[in-house]
Amino acid sequence: MSIQTALELVLAAVVLGLAAWAVAARETSAAVVGFIAYGLLIALVWVALGAVDVALAEAAIGGGLGGVLLLSAGARLRENEKRAAAERPGAGARLAAAALSAMVAAGLAVAVLRLPTPAPTLAPQAAANAAATGMGNPITNVLMAFRAMDTLLEKFVLLLGLVGVWSLAADRLWGGNPGPRHQADPLGLLAFLARLLAPIGVVVGIYMVWTGADHPGGAFQGGTVLAAMWLLTMMAGLTDTPPVSSLRLRLVLVAGPGVFLVVGLAGLLFGAAFLSYPAAYAKPLIVAIEVAMTLTVAATLTLLSAGAPEQRLER
Amino acid sequence: MSGAVVFGMCGVAVVGLGLYSLITNPHPLRKIIAFNLVGSGAFLIFGAVARRSATTAFSGDPTPRALVITGIVVAFSATALAVALLLRLFDAAGSATLGADAQSSTADDASGR
Amino acid sequence: MRLALDVLTIVAVSGGAFFFLAGTVGMLRFPDTLTRLHALTKADNLGVGLVVVGLLPQAAGPREAAELLGTWLLVLLSGSVVSQLVARTVFATDRLGDALARGPGPPR
Amino acid sequence: MTAFLTASLGFILVMLALGLVRILHGPRDADRMMAAQLIGSAGIASTLLLGAVNRSPATIDVAFTLGLLATFASIAFVKKGLSRLEVEDPGSAGDA
């Protein structure tokens, strides 16, 4: 066994241990902490699998936004714990569930072990057509050009998710600011950290979008970092969420899918097909879409983490 | 080559663990975590599939990886929606369990909000 | 020259690994939350720091080296702030617990 | 050199796994959060080492992102603890 394989086995064992802890922990808060640590380590697994783009996305979501979302929800649901525990299914049901899960896992394991060799791959095609977009990062090419339809629809899903979250607001709070207003000492430690970290984070986020053309990175990863920085200033009490009735906010939210859709329709009118880019303008068009998408992703993810409107609109 | 097998099996095991927790754990927030574990395991299997085709020229197939990035976004927005639903149910009913008799037994708790 | 740099890498990375060992042992063996916080900060600052110092000679260029140092600075900044905040929360909850144990009245 | 770096990476990963025991035991949420913070730092160090082993400079971006965001959970945890105190305090409970 090579030292590399030993390392991979250790990493996989630690990840599995954290997943098992997130499942088995008695208290919900303990399970949430386990799941956050799991998210951090999964980023390491993606690096070991050679997928740095995915590692960046996982580090930003699993390490940052996801943890904030689950921790604050867990704190608010604390009183719910005992009541839910009373509904724990009996030993027979648990045994049946374990058998079912084991069967599903065994089926998947057989499928993974019997994958065809040599493995089919689209990597050479992606590399051969990179010249059509002028960008060197194959994943950005797949996301923005070769399978742009997926990415467009994903942006609509994000928007629909946000509409769903907002629609949960009580009638009297509609139009107000999402989430509770965070109280914090404006001269305190958290505000100090937010003032120092947020500018660095904004630069890192923009850098990630820019470098995404040729190196690992991209609009989603950059947007997530920007969202995390916005959330940090909110948690430090320096800013508040914008009211959901704000027109400017809504413009930012539809900017990404809107620009994407307009470019796609222009491709239908002037080019070969929906979402086809004319070769001469492919890179500027993709960069324009990415900039608009970054803003949308940052705003949408922040507001998704903040939750439904909970503050009355101040007039 | 072996990295793909090791982490692919890891993903398979995570799917199994998550599925078990999704079925048996009564706490709705734990079900949301379990749902995320199942998703994460499926992404790992995708990653293993992408890694299998690694050669000296390419670190793996970019298509499944791009799909995983899309999947991470969609999983996050689904999680946020589920958490928001759960919090709203808790605020409205004073309890957020999935049992049949949960609403009637806890209506008096709602007066605090 | 190359040899000297490699020796520096080995010494510094080993030092970093030692501090992770010390931090983990402290995390497991120290008796209460605040002493464990002390162990954590050593692993945070010196563990990551020495690994960064050890990797500097292996960096491909000045840009990579700057990014390595930047990572350490980030860990230093947020680690120190967060440990302060955690310690304050521990103090605050202790005080609240004492007040609740004493009986009715304002919690402070 | 690669063998040495891989071995140190494995060592730090084992340390990280031992830190899991503290998440298991608690007893307080603060202890669990600190253990997660330690796992985060060890994860950053491991990512840097893995980048050096694989000779992929972009990996440092991942470590940088983790460094930027790894403390987020701790901050949310601290906010959660403080907001619970504020709810107990009748003076500042007006935000619900």
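Just so it is clear, A, B, C and D label the chains in written order, and each chain counts residues from 1 on its own.
Throughout what follows, a contact is a pair of C-beta atoms (placed from the backbone, for glycine too) under 8 Å apart; a residue touches a chain by one contact, two chains touch by 3 or more.
Being a predicted model, the structure only gives us computed values, none of them experimental.
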If a chain touches chain A and chain B alike, it appears here: none
Pair exhibiting more inter-chain C-beta contacts, A-C or A-D: A-D
From chain A, the most remote chain by mean C-alpha position: C
Chain centre separation in whole Å, for chain D relative to chain A (CA means): 18
Approximate Å spacing (C-alpha centroids) for the pair chain A, chain C: 27
Inter-centroid spacing, chain C versus chain B (mean Cα positions, whole Å): 30
Per-residue multi-chain contacts in chain C, two or more chains: 74, 78, 81, 85, 88
Residues of chain D whose C-beta touches two or more other chains: 16, 33, 35, 61, 64, 68, 70, 75, 77-78, 82, 96
Chain A residues counted as touching two or more neighbouring chains: 4, 48, 50, 65, 74, 190, 193, 197, 200
Chain C partner contacts - residues on chain D that touch it in the complex: 1, 4-5, 8, 11-12, 15-16, 18-19, 21-22, 28, 30-31, 33-35, 37-38, 41-42, 44-45, 48-49, 52, 57, 60-61, 63-64, 67-68, 70-71, 74-75, 77-78, 81-82, 85, 88-90
Partner chain D, residues of chain A touching it in the complex: 3-4, 6-7, 10-11, 13-14, 17-18, 21, 29-30, 33-34, 36-37, 40-41, 43-44, 47-48, 50, 52, 55-56, 59-60, 63-65, 67-68, 71-72, 74-75, 180-184, 190, 193, 197, 200-201, 204, 208, 211, 215-217, 221, 225, 228, 231-232, 235, 311
Partner chain A, residues of chain D touching it in the complex: 3, 6-7, 9-10, 13-14, 16-17, 20, 23-24, 26, 29, 32-33, 35-36, 39-40, 43, 46-47, 50-51, 54, 56, 58-59, 61-62, 64-66, 68-70, 72-73, 75-80, 82-84, 86, 92, 95-96
Chain A residues within the chain C interface of the complex: 189-190, 192-193, 196-197, 200
Touching residues on chain B, where the partner in the complex is chain A: 2-21, 23-30, 32-34, 36-37, 40, 43-45, 47-55, 57-63, 65-70, 72-74, 76-81, 83-88, 90, 95-99, 102, 106, 109
